[in-house]
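For reference, chains read A, B, C and D in written order, and residue numbers begin at 1 within each chain.
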Amino acid sequence: MALTKEQIAQRIAKELRDGYYVNLGIGIPTLVANYIPAGINVVLQSENGLLGMGPFPEEGQEDPDLINAGKQTITTVPGSVFFDSALSFGMIRAGKVDLTVLGAMEVSDQGDIANWKIPGKMVKGMGGAMDLVASAKNIIVAMMHSNPKGESKLLPACTLPLTGVRCVKKIVSDLAVLDVTPEGFKLLERAPGVTVEEIKAKTAGKLIIEGEIPEMVFN
Amino acid sequence: MALTKEQIAQRIAKELRDGYYVNLGIGIPTLVANYIPAGINVVLQSENGLLGMGPFPEEGQEDPDLINAGKQTITTVPGSVFFDSALSFGMIRAGKVDLTVLGAMEVSDQGDIANWKIPGKMVKGMGGAMDLVASAKNIIVAMMHSNPKGESKLLPACTLPLTGVRCVKKIVSDLAVLDVTPEGFKLLERAPGVTVEEIKAKTAGKLIIEGEIPEMVFN
Amino acid sequence: MNKQVLNATEAVKDIPDGATIMFGGFGLCGIPENCIAALVKQGTKGLTCISNNAGVDDFGIGLMLQQKQVKKMISSYVGENAEFERQLLSGELEVELIPQGTLATRCMAAGYGMPAIYTPAGVGTEVAAGKEVRNFDGKDYLMEYAFDADFAIVKAWKGDTDGNLVYKATARNFNPLMAMAGKITIAEVEELVPAGTLDPDMIHTPGIYIHRIFQGEKYEKRIEQRTVQKKA
Amino acid sequence: MNKQVLNATEAVKDIPDGATIMFGGFGLCGIPENCIAALVKQGTKGLTCISNNAGVDDFGIGLMLQQKQVKKMISSYVGENAEFERQLLSGELEVELIPQGTLATRCMAAGYGMPAIYTPAGVGTEVAAGKEVRNFDGKDYLMEYAFDADFAIVKAWKGDTDGNLVYKATARNFNPLMAMAGKITIAEVEELVPAGTLDPDMIHTPGIYIHRIFQGEKYEKRIEQRTVQKKA
């Protein structure tokens, strides 16, 4: 069974380590915040200018001056700090954010990522994605393994305009967990019930399979 | 009669315009603050991180956390702001400080200035002087016309290591007020009782004298 | 150094057709609502707007788009409104998309008197086209120039008559950076207080960067994505 | 994200001989007194110190000079003490003098992940020797690299256990810049409060830049130039 979006987020949450500062992109990455393991203390950075993002406010508590990078109303946790957009991307560029999680349309087996533009469609812009992928020490991509037409999104080379080059470190898709290595996608885990053969068939880029590939474990 | 240091400061103060942000260097320039003309509102910048510097504190009111760029205890005026050293030099570089007044060992008739280093003597450093002279829109130098040996300090070319090139706009010495023009030092005013001939004799750099040169007027 | 002007109308009255203007704000958060309204009323045209976003159909810069006052947008993320898309597709509107951090840092560079900065954002992408790439310590960076804007219009929470500004929460965003970057900077604030009222240790934008300030009125502060959870 | 350590001794104990350390402060204002004392006690040697000044004979970095712990000073203005001068003239101490704004901006560049910056300071002077000069819009600038320091040691007024810092008056100076620039940054504060106590709008250094924080003790805060006027 392919993972749900929630399960992708849940699996990514297992990559969090105590003390991490983490930037979560829009979409599935945002859901990661719901699955932070017990005993693991992480601080969420929102690139519009906040460290210490909390959950959505209770009804009636929304503050129009307090939003996240997805423009959603949010809250803060104790110890939070506000700052301007230059310092926000400054701390990202300086490698102070330990982990960035974001979505992708395509990832190449060299770690290139495309997630901002589809030629011929209305282009909304890259927002902070290019800064994040160019700067982050550790980037995990949350994505579907295939597009709605059934074509692989894990490719030998991206076909869409790039967001960044050789930057993705790990992918958690609905089918698998993969490391991006100099040799290609290295399969680490399978979604429960998904076979290595299915992953092979749905991965267009170079795939490395060594030994027994375990199923993901969810608590 | 050559001007006293206080009179040099007093003459420079007449260059202040309402609304100016001003950086005053150590020594004679600091004294300029004592002669700000009535009705003229200026804000003093101290490059260690303050806009809105006030006078020295009353005895017993000294705050070790509140000093100027000369490391003297000071006070603030209403509307003052503290900031870090990068922003302080940032606003200087960006041309937001309208006038910088500083001392000099030598000035060339091209506007070069030397004021930080005498070879063979212990070198203490340039502090913020190189930043100030390289960035300020308008630089007035407060200086003695000659050194203690009687040698001119207004030269065809500086002999000491430079602080900055082609940056000085005006000089107020103990003998004269001079503009630094592309053609050389242009004599504007004489100290009371000082003759044009004396100024000529004591100016080694190119001196331009056009028409009658008035005496300085002190109120 | 009193910078106070009467209102938005007075603050923007000398902004000419064809000006390049920075607008603070992220989405609809922290945008200078009063000045945008005054510019719409004034009808200034042919503007180049530097702003992270372009508002929505009926709010923010979207209001200026409706009036066809904007010639070019320089932004990181746009298109939350239909009129924007229509003008873009019809060729009436020019759009330059640049990474958000690059946008912010190019504002900062202007305020700090630094002519250019280096950032890795966009290396190897179409953003790098025509730009100088330089390697430092094994990593490639693009050289990006400081912005050169005629006007910057920002919104702060509190300000004093000397132009010192304090922002609230994530309404800070691009505002302090653009405040530093305009040849003329206009600040509108929710509360204008006399100079000397604000704590000098707690000012986000020193007044030296501000040329005009006024207390705005009737802030709508529209929320773009209202997300809430049920009361516990 | 608790960053609290017990005291200065614990905070500096892993600083090895030969380390490059930034020290916040301008003159004796806002210097990390406790950490300097701990380093003197620890006897760490061969240090390269990046600090705007070098203290006086019996205070600040001067205390480390007395113990011959410093190999090199990178500063904008030094020599307020006799021992410094003696070591410099005897060749025991190396000194690199750089403009104050360049010093500050090279710290900031490190904290902002910018490998280099451009500044006009020093163009045409001996400071420019060996440096790349580049002309932007008719004005020459020097390219200066971001600092690369093993440790930064700063002093703040208040801090919280997450490492968020607030500075007081002109004791801010280089502290927030160096705080951003150390691979490991140690902050000593006059008052350490629980995370959540400080106003999130009013924090000068976000805790993400801070690795260790402790409440210092017995601050002497020596005044270098006591200037006063008679009571009115």
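FYI, contacts are C-beta pairs under 8 Å (C-beta built on N, C-alpha and C of every residue); 3 or more make two chains touch, one makes a residue touch a chain.
Given the structure is predicted, the values throughout are model-derived calculations rather than measurements.
Ranked by distance of CA centroids from chain B, the top chain is A. One finds 37 Å separating the Cα centroids of chain A and chain D. With centres set at the average Cα position, the gap from chain A to chain B is 56 Å. Inter-chain spacing, taken between the CA centroids of chain C and chain D, is 33 Å.
Within chain C, residues 105, 112, 114, 119, 167-169, 172, 200-201 each touch two or more of the remaining chains.
Counting partner chains per residue, chain B has residues 82-83, 86, 90, 92-93, 135 touching two or more of them.
Per the contact rule defined earlier, chains pair up in contact as A-C, A-D, B-C, B-D, C-D. Across the complex, chain A meets chain D through its residues 19, 21, 41, 43, 45, 51-52, 76-83, 86-87, 90-97, 135.
By the touch criterion stated above, chain D contacts chain B in their complex at residues 26-30, 52, 75-80, 85, 88-89, 97, 99-105, 107-108, 119-127, 157, 167-177, 204, 221-232.
By the touch criterion stated above, chain C contacts chain B in their complex at residues 1, 110-114, 160-162, 164, 180, 194-196, 200-201, 203, 206-209. Within the complex formed with chain C, the chain D residues making contact are 105, 112, 114-119, 136-137, 139, 141, 145, 166-169, 172, 200-202.
Partner chain D is touched in their complex by these residues of chain B: 46-50, 55-68, 70-74, 82-86, 88-90, 92-93, 112, 122-131, 134-135, 161-166.
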